[in-house]
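Common to both upcoming complexes is subunit A, partnered first by subunit B, then by subunit C.
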Partner chain A sequence: MSRDELLTKILAILEDDFEFEHPGLDDNLRDEHGFDSIDAIELLGKIELMLGFSLSRAEKEKAMSIRTINDILDYIEKIQASRQQ
Partner chain B sequence: MPRRVVITACSAITPIGYGKETIVNSLRQGKSGVKPLRDDGLLTDHIHSRVFGTVDYPIDYGFTRQYTKTMGPVAFYACRVAGDVLAQSGLDEKFITSGRLGVAFGSTHGSPTVQRNIYKTFFGNLKEEFSSIGAVDYLRSMVHTTAVNITRMFGITGRVIASSTACTTSSQAIGFGYEMVKYGMQDAMLCGGADEYDTTTVAVFDNLLACSVDFNNTPERTPRPFDSNRDGLVVGEGGGAVLLEEYEAAKKRGATILGEVIGFSCNNNGGDLILPNLDGITTTLKLALGDAGITPEDVDLISAHATATKMGDVIEAQAIDAVYGDRPLVTGLKSYMGHCMGTCGVIELTMLLYMMEQEFVAPTLNLDNVDPRCCMLNHVRELVEQRIRIAALENFAFGGVNTCLLIKNGRHLT
Partner chain C sequence: MDGTSPEATITRPLARCYDAAVTLACWGYFIFAFVFPFCLIYGGAWLLPGRREPRFQRINSWYYRGFFRLLAIIAPRHRLLIDEEVRRIRSAVIVCNHLSYLDPLLMLALFSRQKTVVKTRFFKVPIFGWVLRNAGYFPADGAGRYRQMMIEQVEGMEKYLAAGGVFFIFPEGSRSRDGEIGSLHRGAIKIARLCRAPIHVLHLEGTDRLFAPGKFFFHAHMANTITLRKVDHISPDRCQSLGDLEQRIRQALATGGTNRQPADPSQANVLGAR
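Then we have the complex of A and B:
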C-alpha cells in the first residue's frame, strides 16, 4: 500500500474505533488524543487485519516508540518493506 | 479505638428504577420490575425460566471513550452509581484522590457479556494467525473490573477490595468497607456492587431447579418470597453504591447522614456449598447483634434475603424466629426486582435508607398465602407507615457465605 492509502486507512481506524477528532499527522497521540498503551495494543491488532498478516513480537515491541500518526505510517512502511525482501 | 461509620450517600440502578423518586414510587405502588427474559441468541431457548429482573430504561452515562474502553456493561452500572454517590456526598477532589478514600466493590463474575465475546472471537471465523482477542477484553471482563474502573474514572488512590462472593458480594463490600473505616485503615470507603444482564446465571440456577418457572406468562407475580406457591428465584441486574465515612469527620463537614452502620457479620457454613444452613445463618444474625452491641429487641425491621427458593426461605424464617421471634417487621425486597445477584445487598440497603428517611416499609410482593413453615414471623403484607430506628439486612450466598448488616436510621443520630 502507498503512504496515501495507508494514511486514509489509519485515519479511518483512528476516527471510527478510537474516536479521534481532526487528528494532525504530527500530533502527540498521548498528549493530544489520550492514546495510551492499551490503545497501542488495540491498534496493532487492527494493523494486522489491515495488512493481512500477523506481526512478530519483535515487530510489535518496536511499535511502542510510536508518538505520532507519521510515526505509525513510517512503522508500517518499514514492516511492508521488510516483508517484501 | 473503633470509630463510628455513617452512610452519607447512596444510589442504585434497579429493575424498579434509578434514583430515589422512581424507586420509592415503585415500592409504594407495589410495582414489579420482573419482565420476560430477553433473548440472548444463545442460551435463552434452553432455559425453562423465562423471567428476569430487568433494567429496561435508558441511562444517560455520558462517559468518554477514555474510560469506556476498559468497561464492560457491568462497569457502566458501577461507575454511574459511584459517580452519583461521590457527587451526592459533597466530598472534594482533594480528599477523593488523597488515598484516604478506598473502594470496596464487586460483581458476581466481572462481565459475562465480554467473556462471551472473547470466546465468540476466539472460536469464530477470524484466521487464527491474527491476535483475535482484544487487548482490553481482560480489563473489561476481569472479576475486579468494577472496582478498578471506579478508581480509574475518579482518581481514587486508596485501598481496593473486590469482593466476589455471588449473592453476598456487595453486602461483604459494605461490611469490609465499614471495618476499614471503623478501625482507621481508611477515612471513607465507596462500597457496592453491580451485575449485568446475564443468562449464564439464569441457566445455572435453572439447572439446579432453583429458578421460577410457573409464572413465565405473568412475570410480575414472581418471585414470591415466603408464599406457599413460590417456585424459585428470578435473576436480575443492576448496580448500587453507598459512601461510608467516619462519623466525626462527616458531622464536622456538615454531610447529610443517611444512616449508620452499627454492626456487620460474615461467616461460612463450613460445609455444603449450595444448601442453606440453619446453624450458619443463625450464627450470622447473632454475630451482627454482638458486633453492634444491641439486643434483638432493638431491631425494628428485617430485610430478609428471601430469594423465594423452596428451602432457602424456610431456613431463613427459622433463623429469624430463633434470634428475633415475631416482633420485628420482615420484608423481602427481592419480590420487586428479583435477585440482582452481587448487587442485591447494596440495592436492598439503598431501599432501606429510602424507607427509613420516608418512614414507611414496603411489603413483600406476591405474599398471598404465607407458607405455614414461614408463618411464625411478622411479615409485612401491606405498606406500613412507620419510623424504623434499626434495620437488619441479611444476605446469603452460594459457597455457604452469610452476611448481616445492622443499620441505624440517620435522622436524629446522637
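Then we have the complex of A and C:
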C-alpha cells in the first residue's frame, strides 16, 4: 500500500471510529484529540485488519509511542517493509 | 464564652478519641490481617497452578469485605445501603462518582471478579504492586515498562468481561471535594465500546462523611448512611458518540445525587452478609 492509500484509510478510521474532526498530519494526537493508550491499542487492532496480519508484541509496544498521524504512517510503512524482507 | 455547650465540651473529646480508636483499628486491620492470614493466602494463590488473576481478585474482595465488616462492628452508626441491583452486576463496565479513598475499597469488596485502573506509582510499591499486577489491574499510564501490561490488559478485557468480570472506574479521576461532578475521563467509555459491554452508572453517597478527603481520622462517631445505587444503564451501541455517552453519564451522576430515594433501613447490610 502506498503512503497516500494508507493516509486515506487511517484518516477514515480516525474520523469514523475515533470521532476526530479534520486532524492535521502533525497534530499531537494525545493533546489535541484526546488519543490515549486505549485508543492506540484499538487502532492497532484496526491496522492489523487493514494489513491482513497480526502484529508482534514488540511491534505493538513500539506503537504506544506514536504521537502524530505521520508517525502512524511511518510505523505502518516500517512494518510493511520488515514483512516484505 | 465561645458558645459551646458544656455537654459538647465533654462529648467532643470523647468523639475524637473514639474516631482515633476506630482509625487505629482500621489501620491495624490493614496491616495485621495482611500479615496473617492474607499474606499466606496470596502466597498460596500465587503458587497454585493456573490463572492467578481471578484468585487474586477474589482474595482482594475478601480482604476488603473483612474491612467493611470490621467497620460495621466498630462504627455501627454508619450504615451501608447497597441496591440489590448493584450487587448483581456482572460482565459490565461500572462508572461511579468519587468521594473518598473508601470508594474503590467498597467496589473491591462488593465484586469478586473486578478490575480497575490504579495510579501507576502504586505498581512500584513492594508487595502492594505485586498484588496489583497479579490481580490484573491497569496502570493509569501505559508508558515505559507498563506498555506491555497495558496492551495485555486491554486486549484481554473483552474476554474477561464476557466471563462475568466487572471493570469499575471513577471517571472523575480524583475525589470530589464539593460533591459536584468534575470533568470525566473517557477511558471507561472507550473500553465499554471496544468490548461492546454495557455501562452501569452508579451513584455513591456518604463515604466522604466516614472518611473525608484530606482527613486522617475516620469520622466514626457520627450517624451516617452510605448508599450505592444504580442510576443508569447504557447498552452497548457503537453508534453513540463518545461525547454523547460522556454527557449521558455526567447527567446520570449529577441527577443521581439530587433525585435520590429515601434509604430503606431494612436493606442495611454489610457486604455479603445481610
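Just so we're on the same page, the second predicted complex is superposed on the first by the 85 of 85 C-alpha atoms of A that agree within 3 Å, B and C clash if a C-alpha of one lies under 4 Å from a C-alpha of the other, contacts with A are read in each partner's own complex, and residues count from 1 in each chain.
Here, a residue touches a chain if its C-beta (ideal position, glycine included) is under 8 Å from a C-beta of that chain, and two chains touch if they have at least 3 such contacts.
The shown structure was predicted, so the numbers you read here are calculated from the model rather than taken from an experiment.
When both complexes are overlaid on chain A, the residue A:39 reaches subunit B and subunit C alike. Of the two partner chains, neither subunit B nor subunit C is touched by A:74. Contact with subunit C, but none with subunit B, is seen for A:61 once the two complexes are overlaid on the shared chain.
Looking at the shared chain after the overlay, A:19 reaches both subunit B and subunit C. In the superposition on chain A, A:53 makes contact with subunit B only, while subunit C stays out of contact range.
Taken together, the two complexes place residues 19, 34, 38-39, 41-42 of subunit A in contact with subunit B and also with subunit C. Across the complex, subunit A meets subunit B through its residues 18-19, 34, 38-39, 41-42, 44-45, 48-49, 53-54. Interface residues of subunit A facing subunit C in the complex, by the touch rule stated above, are 19, 34, 36-42, 57, 60-61, 64. On the side of subunit B, the complex with subunit A involves touching residues 64-66, 69-70, 129-132, 134-136, 139.
Across the complex, subunit A is touched by residues 141-143, 147-148, 150-151, 154-155, 186-187, 190-191, 194, 241-243 of subunit C.
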